[in-house]
Amino acid sequence: MSWNRRHVLSLADFSVEEYNTVLQTASSFREVLTRRTKKVPTLQGQVVANLFFEPSTRTRSSFELAAKRLSADTLNFAASTSSITKGETILDTAKTYLAMGTDMMVIRHKEAGVPQAIADEMDRLNVKVGVLNAGDGQHEHPSQALLDLFTICSLMDVEKPRSTLLEGKKIAIVGDILHSRVARSNIWSLTASGAEVHLAAPPTLLPKEFADFVKTSNPEISRKLFIHWTLEPALIDADFVMTLRLQKERMTSHLLPSLREYHQQFGITRDRLKLCNPDVRVLHPGPVNRGVEISSDLMDDPVLSLISQQVTSGVAVRMALLYLMGGGKVG
Amino acid sequence: MSWNRRHVLSLADFSVEEYNTVLQTASSFREVLTRRTKKVPTLQGQVVANLFFEPSTRTRSSFELAAKRLSADTLNFAASTSSITKGETILDTAKTYLAMGTDMMVIRHKEAGVPQAIADEMDRLNVKVGVLNAGDGQHEHPSQALLDLFTICSLMDVEKPRSTLLEGKKIAIVGDILHSRVARSNIWSLTASGAEVHLAAPPTLLPKEFADFVKTSNPEISRKLFIHWTLEPALIDADFVMTLRLQKERMTSHLLPSLREYHQQFGITRDRLKLCNPDVRVLHPGPVNRGVEISSDLMDDPVLSLISQQVTSGVAVRMALLYLMGGGKVG
Amino acid sequence: MSWNRRHVLSLADFSVEEYNTVLQTASSFREVLTRRTKKVPTLQGQVVANLFFEPSTRTRSSFELAAKRLSADTLNFAASTSSITKGETILDTAKTYLAMGTDMMVIRHKEAGVPQAIADEMDRLNVKVGVLNAGDGQHEHPSQALLDLFTICSLMDVEKPRSTLLEGKKIAIVGDILHSRVARSNIWSLTASGAEVHLAAPPTLLPKEFADFVKTSNPEISRKLFIHWTLEPALIDADFVMTLRLQKERMTSHLLPSLREYHQQFGITRDRLKLCNPDVRVLHPGPVNRGVEISSDLMDDPVLSLISQQVTSGVAVRMALLYLMGGGKVG
């Protein structure tokens, strides 16, 4: 077990040991979640503030539940009813929650870098408050990539999920790569785990410069990252297919012809999965546009689709992250 | 005590035994609510998700408090900040909350049948999650009718509220019957308890076809259900008068002349209650338009008005329902 | 220790003993907040309803956290999603929460007098429910003034904060006095504690009639209250400078020339503080418009600015108020 982080902001510099620490910790919390009383007293009397400057029900509920199951008190901040509209800066909002006695902050913002800026400020103030990035712009969404990793590794070894299980696996990530913080975080975690990652999207959603940038920012992963502007080469022999949510507003901004054409070219269907490894599984971070990113019947397939398991993994992984960050604080 | 339901969706097929089980259980929780520490550990570690696709403060707070007093953790979903706007289907939202580990779902939706559809899906998935209808369109609002029943029966015998106390009583339901889920649920519970139910409303809000439909759908109740297009015959010798909330938008859709005229013809006042049984009491599901459905001074009358008791009953009845549904799960 | 109040609505008639009771109680709760488990079981099983008819994240979170740290259950009511829009009166909303079993109500409303009206109604109904004014129009915001008092007195004697420490101190209150409920509450608490209060603002935001009115309503304080239409005389030898939030809408209503001019004339900067006592400290109730009421670097000064301590004090003071009001209920 290796953990020295106060904050979880990006997976770009996560080590294999850290991935495994998260996976093992999440695994033990998954066991807690099968009990009738799905609660542990770990964070009793501590306060987890969910500062969601961008609205989200799903992710906020998942973090809120994770915090409650660790017996923490939670505070929910929603931008719509906030002082933000009164002219207060984001850092000032964060410092207000700090001054109230918040122990950990879970932050979502539509601008990349906001969680990092808040974490930097907390460090500068020398307060032992952990900051967790719950999605910042098109930058990163580390807890999503970690729950994807946990879902995949648990499928391969439910007792001992570990990142080395991904060694040599082929994983396709399909869809709006350019605008996806989920894709970015997954590229780090999957390549670090030894998988081959194949990105597939129309060129407007996956410019060549994107892959170039990623590869040059970390030459290590350049051998493991491949880009395709058609779907088929990404799917051939793939072990896992990750589909990404398509923001419908992409269409109005002329990056896409129509949802129907997108589905014809990049939608995942049972038929297309025949190109993959026979044991292939499909993931999607949700919420799903049925019949766009993925066909409706495939989404509901209890074997092929891991979408429901991803949501369940989310609570366990977020409990693990809060636990590890809070433990860092105790020490 | 008789209880075999996982879900509470409609009162159309509730048995007398089931009504009595709810009344007795609510009665024991009412006792808890008189203590200084108004809490029991029954649902500790369980999660009750309030999925309110239609906004409501009053009902949502009542369910939230009932869940908290059973020591459950609660998750609140409000449509306004939700993924619904992102194109996710309602069933997918429910399945997301299921996958997070929700044990019971309390659902309100402006379309009739949504709670039933979610319950069907939960059963199809073979998960032991209870679904409670907190109001679906113009269909049913069972917990409201059960709290009305509890309020009335407790008035007649506070120690042993039971549905047979209503045998032979005359109950007037006055107002916008056509659009009222509260009226529909009450028709089932009151007639099943042996009361005579007299509906009174202008013909636009109580079409003849409505009563015909109800009677043919359950011939049992046709002897006990009467319709009137004026107020007086419903009030004569009535033991209880239930007024319904009037949606002001009915007027703009030409179903009503004006609020003043409505009040003149169907508003409940002290004076009009002289037609009733001398012990008559008045109910209203709230929120009240003072001076429209009911005169302001009558609403505040501590003897004649049961409105405040209805709200108090609401918490006890909802605790009872969550307890019984959760107990069904334990077994 | 002296406390006989069920409600906290205004500081106009607070006694020195009452101020000291709040300060001492808050002091003991501050100690609780330094522990790892920042929670006491004082209000276990009781319900604190936050009825915020005017939106606020900061104050609502502070009260919510105070209630949770006393182990109370909390209900949050936000006007935007409420029955208010359905035509229910405010008193009816309060009575609904009462009937559900609320033990204490924390109320914010844009109209002065609403908390008082609700408290009067609770007393009339002879129910032992405490009402706390969390800001009503331009009238009062007592918990803010009490946390300001606690912050100042704790600075002077952290072990035994007491109001007599303010005897003979000079305190400047700068800004939009006319529209500020914070200023009004502070005028009562600071003058009652023996301080000299110097108000400074442009005449449009501090009409002569304002001071006249305050003085005649309580002749006791007329010796201790001074008004200035320029900044300098208020700052000279001041021990504390309280800046007030400037509502930007004041400008559009022609009460102010521009934010820049306001800052030039009344903005607090390091340079201007040279007029004050060398140990001067600056307060602001937040949220701050950086560079308007106060210069950005001064706001962040860890010695000169007490803004962060005010927020921390807020939780302790609100715990104290809920505790004292709840204890009043027990007795």
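By letter and in written order, the chains are A, B and C; residue numbering begins at 1 in each of them.
Simple rule for what comes next: contacts are C-beta pairs under 8 Å (C-beta built on N, C-alpha and C of every residue); 3 or more make two chains touch, one makes a residue touch a chain.
By chain, UniProt protein names: A, B, C = Aspartate carbamoyltransferase.
All values derive from a computational prediction rather than experimental measurement.
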Rotation angle superposing subunit A onto its copy subunit C by C-alpha atoms, nearest 5 degrees: 120
Numbering shared by both copies at the subunit B-subunit A contact, with half separating same from different: different
Inter-centroid spacing, subunit B versus subunit A (mean Cα positions, whole Å): 41
Per-residue overlap in subunit C, given as positions that touch at least 2 other chains: 78
List of subunit C residues in touch with subunit A within their complex: 33, 35-39, 55-58, 61-62, 64-65, 68-69, 78, 80, 248, 286-290, 308-312, 314-315
Contact footprint of subunit B on subunit C as seen in their complex: 44-47, 49, 73, 75, 77-78, 81-83, 86-89, 92-93, 95-101, 330
